[in-house]
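In C-alpha cells below, several structures.
Here subunit A shows up in two complexes: once beside subunit B, once beside subunit C.
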Partner chain A sequence: MDKAAIVGVGQTKHAARRKEVSYGEMVYEAVIAALEDAGIGMDDIDNVITTSNDFWDGRTISCMATSDASGVPGKNTSCVEGDGTFGAFYGMTRVLSGSYDTTLVTAYSKGSEGVSPIISNAAFDPILSRELGLDMVSACALQARSYMDRYGITEEEIAQVSVKNHGNALHNPNAHMGLDLTVEDVMQSRQVASPLKLYDISPISDGACAIVIANEKRAKQISNQPVWLNGVSFCADAYSLGDRDLFECQALEKAARGAYKMAGIQDPTKEIDIAEIYDAFSYQELLWSEGLGFCEKGAGGKLVTSGATAKDGSLPINPSGGLMGAHPVIAAGLIRMVEAVYQLRGEAGETQVNKQVNTALVQGLNGVCGQSHCVWILGRD
Partner chain B sequence: MGDYWTTDTESIVLNSGIKVPYAWQAGETASRFLVQLRDEKKIWGKRCPKCQKVLVPARKSCGFCFVETSDWVAVANQGVVQTYTVVARDTPVQPVKAPFAYAVILLDGADTGFVHILQLEDPQKIKTGMRVQAVWAENRKGSILDISHFIPVEG
Partner chain C sequence: MGKRVAIVGTGQTNHCSIRRDVNGQELIREAVTRALADAELTIKDIDGVVIGNMDHFESINYVDCWSIDGTGGYMKPVIKLTTGGTTGTTLAIGGYHMVASGMFEKLLVIGWEKNSESDTTGAINTATDPFIDRAVFGGAVSGLALDAHKYMDKYGATVKDAARVTVRDRKNACNNPHAHLREEVSIEDVMQSDLLSDPIRLLDMCPRSDGACAIIYASEDVAEKITPQPAWVLGAVNRHSVNDFTEITDNSTLDSMVEASAELWQKLGVKEPLKELDVVELYQPFSWAGLIWIEDLGLCKKGEAAQLIWDGVTDMDGELPFNPSGSVCATNPIGATGLIRCAEIALQIQGKAGARQVPDVNFALATGFGGCYWTDLVAFGSKKPE
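For the complex of A and B:
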C-alpha cells in the first residue's frame, strides 16, 4: 500500500472557557498553526475533513458551520461525527485513494457552552434507556466498578493515573489543567459517581486541533520530517452497555491487533516508545493499556504502580498529560496525534521524554464506555 | 488568550435552550416490550436462534449474530447486580435525586445485562453479586421507568 504521513500539526491553547473566540475562530487558530507548521498555504490543501458533534455545538450540520474557518470554499469537504482520530482515518484514506494529495483534518468543541450530562445522556436510546438519566460519567462509573471488581484493581491504583497525568500536564503549555496532586488528594476529592471522584474525571475543555495528512510523494516535498502513518485500525463493540463485558475492551483489542499487524509490530511493550491514549477517566488508562497489550489483563494497576508509564518509564503513557490535562470533546483524540508527532520530532519541549522516540501509539475512542476505538501507529520512518 | 479585549468592549453571550419536539416510534418489538411492562408488569426478552442468548430488553435482531430473534421469553423481575455506581450528584437528566445507584442487573433467565436504577437506604451496602428485584411504578406509561427502580431482595 502507498504511504501517508502527517506533515503539519496545530492546536489551540485549551481552556475551561475560550470566550474571546467563537467555534469557527477557534478552529481557524488551529488551522493556521497546522499550515505554518507544515510550511504551506491553504492553496496546498486539496480537501478537508471536519470533525464535530451537533449536540455539543447546539446546531445542525455543524461540520459546515466551521468550513470557512477550515478553508473549505472551493474545495471538497466531508465530515465525521465522532472523535478526531476517526476524522484522521477518513483523511488518510482520501489521500491514499489517489484522488487527493493533501487532507486537512480539523476537530473542535467548546464544552463550556453546553451542559455535559444533557448532551451525553442523549447518546442513549430514547426508547429503551435514555429516561434512566445515565450520562457519560455515570455510565463510565459502571465500567470502572466492573473492571475493579473483576480484577481486584483498587481506587488507589487508579488514582495514580490522575496524579501522573495531571502532573505531566503541568509541563504542557497547551493544557487546561495541570495539577500537582497526591493519591490522597484524588481519594479525598468529591464523590461524583462511585468509584469516580472529581480528580478521576477529565475536565471538559474548549479547544481545537488540526493536522495535515499527505500522500508519500507530497509528504516528501512538503516536509523534511514527515511522521508516517504506519498502522491504523478501528473496531466497535455492541451499543447497549448490558450487552458488553464492561471489564474488558474487545473492540480495542481487535483494533490494536489490526494496527500492530499493519505496522509490523510484534511486541508493543518493546517496540512502542510512547503512547498517547484516551484517559477521559483515570481507570480508562489502565483498562485501555490492557486492551492495547501493554500488560496482561487485570495488570493495569500494577503497570502504573511500576512507574513504567511515567514520563521517564519504559513505556511513557500520556507524557502530554492526556485528557486529564485538556479534554475538548471530539478534538481529544486528534490532540493525542499532535502530541505524538511532537514526541517523534523531538519538539515536545518540557513534555519530551528522555529517549529517542521512533514509534508512537495513539488511541482515540467514540461512544459510551469506549464502544469504538481507533488505534494508530506513528513512526519517524 | 485572556480577557485583555474586554477592557474596551463587552463580551456578548447568546443564551439558548433549543427545544425540538420528536415522536420516536418504538416499533413492534419495543412496543410489545413496553406494553407488557405497563399492563402485565412483565419483563420480556427475545431469543437469538443462533447464539441462543435471551436478549433483554427484547429486540428484533441479534447484534452479535446479525439474525432476527425468534421466541419471546419472559425473564424474572429479579436478578443479580453485575456492576453499579452510587451517584452522588444531581444532574438535569436524572429522574431521581442523589444519592441513588445505577446498576447493570442480570435478570434470571436473561443473557444480557439490564441497566436500571437501584435504591437502597444505605447505598454503601451495595455489592456486586447482590440479588435485587423490580419495584413497579404506580402510574405506568409504557416506558422503561414503568419499573420505578430495583431494591435488594429481602433475606
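For the complex of A and C:
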C-alpha cells in the first residue's frame, strides 16, 4: 500500500456565531488557509471530499452549500455525512486507490443556525424512542450516570476534565471559548441533565476546517514536514442504547486496536505522545481514554487526577482545549487532526506541549453516546 | 497503484410505491440478505459498510448509526456518503476507492430510500439556497421542465420524441421483477397523462419508490474466488460543479455529463462510445434526459438523439441497449437509484439479468444524476483491467 500524509491544514476562528459569513464563505476561509499552509494552489488539488450533515445545515443535499467554496468545480468530488474524521478517511482512500495524488477534505458546521436538541433528537428511532424527547445531552447524561455507577467515578473527577480542557483552550487562538475554572466552578454550574452540568458540556460553535492529503510522492514534493497517516480504523456499535453497555465503548476499543495494528503501536501509553479526542462532554474524555487503552477500565478518573493528561503530563490529552474550546459539530474531529498536525510539526504555539511529539492520536465519532468511532494515528515519520 | 476492484454480488428489494410491511432497517436488510446470498457470503465475511440515502426524506439523522440492525454493520466500520440524487452512484464510487485503497477486501455498499414516508418535493425544496434559488426552483420537476423547453427550442425536438423514451423504458421494466412500474405505456398514454410542469407530463417523470439496493465489492485478491464472473470497475468520474440552479446558463446541455464523460472516455481510451459500449443504465429521472444526455455522453451529435431513439438504436435489440431494467422512469427509491444502475450493470456483465439480459456484455456504463445538475459515471467491464 502507498502511504499518505497531511501536507496542509487550515481552520477558521471558531465562535458562537459567525453572522458575517455564509456556510460557503466560512469553508472558504479554512480552504484558503489549508492551501496557504501547504504552499499550493487549487490547481494542485486533484479531488475534493466535503463533509456535512443535512440536519445541522437544515438543507437537504447539504454539500451543495459549500462545494464551490471547497473548489469542487471541474474536479472529481464526493461528500461524507458525519464527523470530519470519516471524511478524512474517504479522502485518504481516494489517494491510496491510486486515482488521485491529492485530496482536499473540508468540514464545517454552524451550530448557531440550528437547534441542537431537535437535530440530535432526530437521531433517535422515530417510532420507539424519539417521542421520549431524548437528545444528545439527555442521552449522554444516561451514559455518564452509567459510567459513574459502574466504576465509582465521581462528578469531581469528571469536572477535572472540564477544568483542564477549558483552561487549555485559553491558549488556543482559534478556540471559541476558554475558561479559567476550578472544580468548584464546574460543580456549581447550572444542572442541565443530571449528572451533566453546564461546564461539563462543550459549546456548539460555528466553524470550518480543511486539510490536504497527498500520496507519498506528492507529499514529499509539497511539504518538508508531511504528517503521515500511519493508522486509521473505525467501528460502529449497536444502535439502540438499550442494546449497549453504555459504560463500555467496545466499538472504540476495536477501532483503536485496528489503528494501533496498522501503525505498529504495541503500547499506546508509551508510544503516543499526545491525543486529541472527542470530549463533547467531560466524562467522555475519561471513558474514551479507557477505550483507547490509555488506562485500565474504570481508571479514567484516576488518570485525570494523576495529571498525566495535562499539557505537561506524560500523555497530554486535548492540549488544544478539545471540543470544550470549540465544537463546530461536523468539523470537530477534523479540527482534532489539525491540532495534532500542529503538535507534530511543533507549530502549536502556546498550546504546544513541552516535549518532542512524534506520534499523535486523534479520535472522532458519529451518533449518540459514541456509537461509531474513528481513530487515527498521525506521525512525523 | 491501488487494487483492482469488482462487484461480486448484488441484491435489490422488489421496489414499489409503499412498503407498509417493513420499516427502513428491514427494507435495508432485505437487499443486504439478497446480496450476500448472491455472492454466497455471510455478513461475517464483510469488512465494512458504506451506506447512503437522503436524510430529509425519512427524517432520520445519522442513518449510518440508525441502520445497523439492517445493514449488519454491528462492530464493523460503517460510513455514510450522501450527495442527493447521485447518492447511489456516489456510494458505488466511494466503495470502489475504499477497496482499491487496500483498506478493505470485501465491502458492502447500500443505498436505500423509503419515499412513501417523505414529502419528497418538500425535502428537495430545502436543497436550494434559501436566499437565491428557493423561491424560484421548487422541487425536482420545474428545473427539468426548463431543460425540456430549452432543448426543444434549440434542437426542434418534440414531446413525442420524449414520450418514445418512456415507452422504451416502461416496456423494458416489464422484464424486471424488481421494477416498481411494470406496465407498458403507449406514446398516447404519455402525451395524454397529467401535465406536471409544461412540457413534462406524469409519464415523462420518474415515480418515487420504496426500495433498497446492496452490492458487494471485492478486491482482485478474492473477487474471482467469490464469483466466476466479477463485474470489474474500469473507471469512475464525476462532476458536481454547479451549486446554484441560477448558475446554469444553457439548460439544453448537461455540462457535468459532457465534462465527466470526456474525462472517462479519455481515461479508458474510448473513441466511439456508441460502438464500444454494450449496454448503458442511464439515471434518467425524466424522459427528456434520454434525449439530451445521450448526446452529452458523446453517443451522437447535439440534436440527433431523437433520430437515434426512433431508429431503435437504444432498444433492447438495438446497437446499444439503454436501461434494460426500465431505469428511473420505472423505479426510483432515490438514495438507491444510482446504485441500482450499477447493480443492474453487474447483473448484465455476470449474465444474471434474466429476461432483461443483453447478450455478451463486456463493457458497460452506469450513470447518476442529482444535486444541482451533477453527474456521476461508473464504467464496468467483464475483464480484469490491465
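Going forward, the second predicted complex is superposed on the first by the 381 of 381 C-alpha atoms of A that agree within 3 Å, B and C clash if a C-alpha of one lies under 4 Å from a C-alpha of the other, contacts with A are read in each partner's own complex, and residues count from 1 in each chain.
Please note the rule applied: a residue touches a chain if its C-beta (ideal position, glycine included) is under 8 Å from a C-beta of that chain, and two chains touch if they have at least 3 such contacts.
Bear in mind the structure is a predicted one, so any value in this text is a computation, not a measurement.
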First (subunit B), second (subunit C), both or neither touched by A:Glu339: neither
Touched partner set for A:Leu246, first subunit B, second subunit C, both or neither: first
First (subunit B), second (subunit C), both or neither touched by A:Glu290: neither
First, second, both or neither for A:Gly58, with subunit B first and subunit C second: both
Partner chain in contact with A:Ser194 - subunit B first, subunit C second, else both or neither: first
Contacts of A:Ser99 with subunit B and subunit C, given as first, second, both or neither: second
Touched partner set for A:Ile127, first subunit B, second subunit C, both or neither: both
Contacts of A:Lys13 with subunit B and subunit C, given as first, second, both or neither: first
Subunit B versus subunit C as contact partner of A:Asp149, first or second or both or neither: first
Contact breadth on subunit A, by residue count: subunit C or subunit B: C
Contact residues common to both interfaces of subunit A (with subunit B and with subunit C): 58, 126-127, 238-239
Touch list for subunit A against partner subunit B, complex: 13, 15, 18-20, 58, 115, 117-118, 121, 126-129, 131-135, 138-139, 141-146, 149, 190-196, 238-243, 246-247
Residues of subunit A that touch subunit C when the two form their complex: 1-2, 53-55, 58-61, 63-65, 67-68, 72-82, 86, 89-90, 92-99, 119-120, 122-123, 125-127, 232-239, 250-251, 254-255, 366-368, 371-372
Contact set on subunit B toward subunit A in their complex: 1-3, 5, 11, 13, 16, 18, 22, 24, 26-27, 30, 33-34, 55-57, 63-64, 82-89, 91-96, 102-104, 112-117, 128, 143-145
Interfacial residue positions of subunit C with respect to subunit A in the complex: 1-3, 23, 49, 52, 54-56, 58-69, 73-84, 90, 93-94, 96-98, 100-103, 123-124, 126-130, 236-243, 259, 370-372
